[in-house]
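Provided herewith is a single structure, encoded as structure tokens, for subsequent inquiry.
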């Protein structure tokens, strides 16, 4: 069954973004370096005898992922700015929604790559068992990430041409990242401690609701950020 | 093929377009000459659908799919090769790049090199290829000859001639009267958002037009 | 300009009445049994918090209408409401700790209303920073509208988060809600204060709106030169 045109165009945009990213490589490497540094900072700044790693792990995980996502979000529209190609996208017979979806998909894949590398590192450094809980953990991370990235992609379209763009984006984004961050952290804690799934389903539902609402809002509002 | 009706648009107090109306038929090439700030780029952007005019309407037969744009920005991704760039842009128009396009612009041997590794002249030619990759029926050109090297400028003139000969429409804006005159079938002078002259070229050459332009705009 | 004068009168009256609220609260209203004299700040704190939140909802609504109607008056109103809201949020964030300290011995508690207002304050700051960072007036209005709508949509999620946070981590309630359990004299003072803060909001917004209008005219006349 042929995909609706909007999705196909979105995929072309996303594929192009990812191809550029793979060639450039600087983005993913910096993000990875950042994650390692943050994990090291957390590790050396805590007193291992006072606080067991399992208690801190959810907070460390989510702070790291939140900040890594924020760094990653600048790249989507920065790419177009650097290549001066954005008008081309607007001129093409594709909907603005496709542009947003394409950027969203590319951002999600980019952040997911960081998470795929960062979460095992966290498990390694802090000696936290994650394999028995892998399914629900991946679900939690995925849901929270969609929330961050949906709003972040929308905002980065606006901040990319301002001065201090790299500073303004986190400032705008933080209030929007804190609720999903909280719910995800509250889900991760009991999850890693081996509590039953029923304990955390409520948080997952909140994350899903947040995602649905904000992806919808972003889809509706994105054209306003690019149309003159 | 392309028409504008009473276009008005202002950026704050600056009137970029002040009641502009005209039509371009297939096979015609309209050259719009005007000083910087006259509203030429705004006019093109309205025609292309990038800006919604505050007043009036612009219509291009075939919509965005039929429009090709050559402007100041190359619209190319440095890390991707020439072919990858062309394939990407073509995919958004639902088509694929033809091999003869590369040949016509002398780009065949560079097809698999990343754009950032190319010289400026080559990049300009790739930009032209990109604009033509979906075989647009209407071309909108914003100072297209600026900074082109000789090979690229000749290739572009040649292509524009063919474009018109196959019954397509072109609108070319520039502040350099010498560049656009040969190709034009119709000429307009623009000042402060208005057309102060709009007529077929009728055999006038670059010098005639330049003289009239200086009178009209100075 | 007539509007500024009207705005100034409204604000002046409101400020005088505010002094009246002080007098009434301190002298004529009975002292609350459990919290003592410090409870009196509630008459300022709660109406300010109510208006901090209402201002955000109004920013959101004005933003929605702006995106449909493109009327610059809606944008000016949104900007004015955001500044007024930021002021009220700041009032809450300063009076809250002043109230909290004598009762609980700490300057800050994650009290529901205080936390929500902190979020609101951060949203306002982001909104005003974004407006300051965009030079083109058309883009500025559009971007601000997008952010305003997202902020308004976020508010219910923050309410939910705060509610859940406090359910998980029960904490002393610093703020007595405006429940009907208030004796008539206290209720009267509280309602009076709410009226005064409503007047203050109107006064601020009217003045700020007029200022926006004047500034736009100035920019148009001078071509926007010399404006930071």
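Letters are used for the chains, namely A, B and C, taken in the order the chains are written, and counting of residues starts over at 1 for each.
Definition applied: contacts are C-beta pairs under 8 Å (C-beta built on N, C-alpha and C of every residue); 3 or more make two chains touch, one makes a residue touch a chain.
Note that the structure is predicted; figures quoted are calculated from it, not measured.
A.B. asks: Identify the chain whose mean C-alpha position lies nearest to the mean of all protein C-alpha atoms shown.
C.D. replies: Centre-most chain by C-alpha means: A.
A.B. asks: Per the definition at the top, count C-beta pairs in contact and tell me whether A-B or B-C has more.
C.D. replies: Greater number of contacting C-beta pairs: A-B.
A.B. asks: Please tell me the distance, in whole Å, between the geometric centres of subunit A and subunit C computed from their C-alpha atoms.
C.D. replies: The mean C-alpha positions of subunit A and subunit C differ by 31 Å.
A.B. asks: CA centre of subunit A versus CA centre of subunit B: separation in Å?
C.D. replies: So the centroids are 40 Å from each other.
A.B. asks: Express in whole angstrom the distance between the two chain centres, defined as the mean CA positions of subunit B and subunit C.
C.D. replies: Those two chain centres are 51 Å apart.
A.B. asks: Can you tell me which residues of subunit B touch two or more of the remaining chains?
C.D. replies: Touching at least two other chains: none.
A.B. asks: What are the residue numbers in subunit A that touch two or more other chains?
C.D. replies: Expected reply: 228.
A.B. asks: Show the residues in subunit C shared as contacts by 2 or more other chains, in ascending order.
C.D. replies: 138
A.B. asks: Touching subunit B in the complex: which residues of subunit A?
C.D. replies: Touch residues, subunit A against subunit B: 9, 12-13, 16, 19-20, 23-24, 79, 82-85, 87-94, 227-228.
A.B. asks: What part of subunit B is in contact with subunit A in the complex they form?
C.D. replies: For this pair, the touching residues of subunit B are 45, 48-52, 63-65, 67, 69, 71, 73-80, 84, 88-89, 91-94, 114, 130.
A.B. asks: Please name which positions on subunit C make contact with subunit A in the complex.
C.D. replies: 67, 119, 122-123, 125-126, 129-130, 133-134, 138-139, 142-143, 145-147, 149-151, 153-154, 157-158, 160-161, 164-165, 168
A.B. asks: Spell out the part of subunit A that touches subunit C in their complex, as residue ranges.
C.D. replies: On the subunit A side, the touching residues are 151, 154-155, 158-159, 161-164, 168, 171-172, 174-176, 178-179, 182-183, 186, 206, 210, 213-214, 217, 221, 224-225, 228.
A.B. asks: In their shared complex, at which residues does subunit B touch subunit C?
C.D. replies: 11-13
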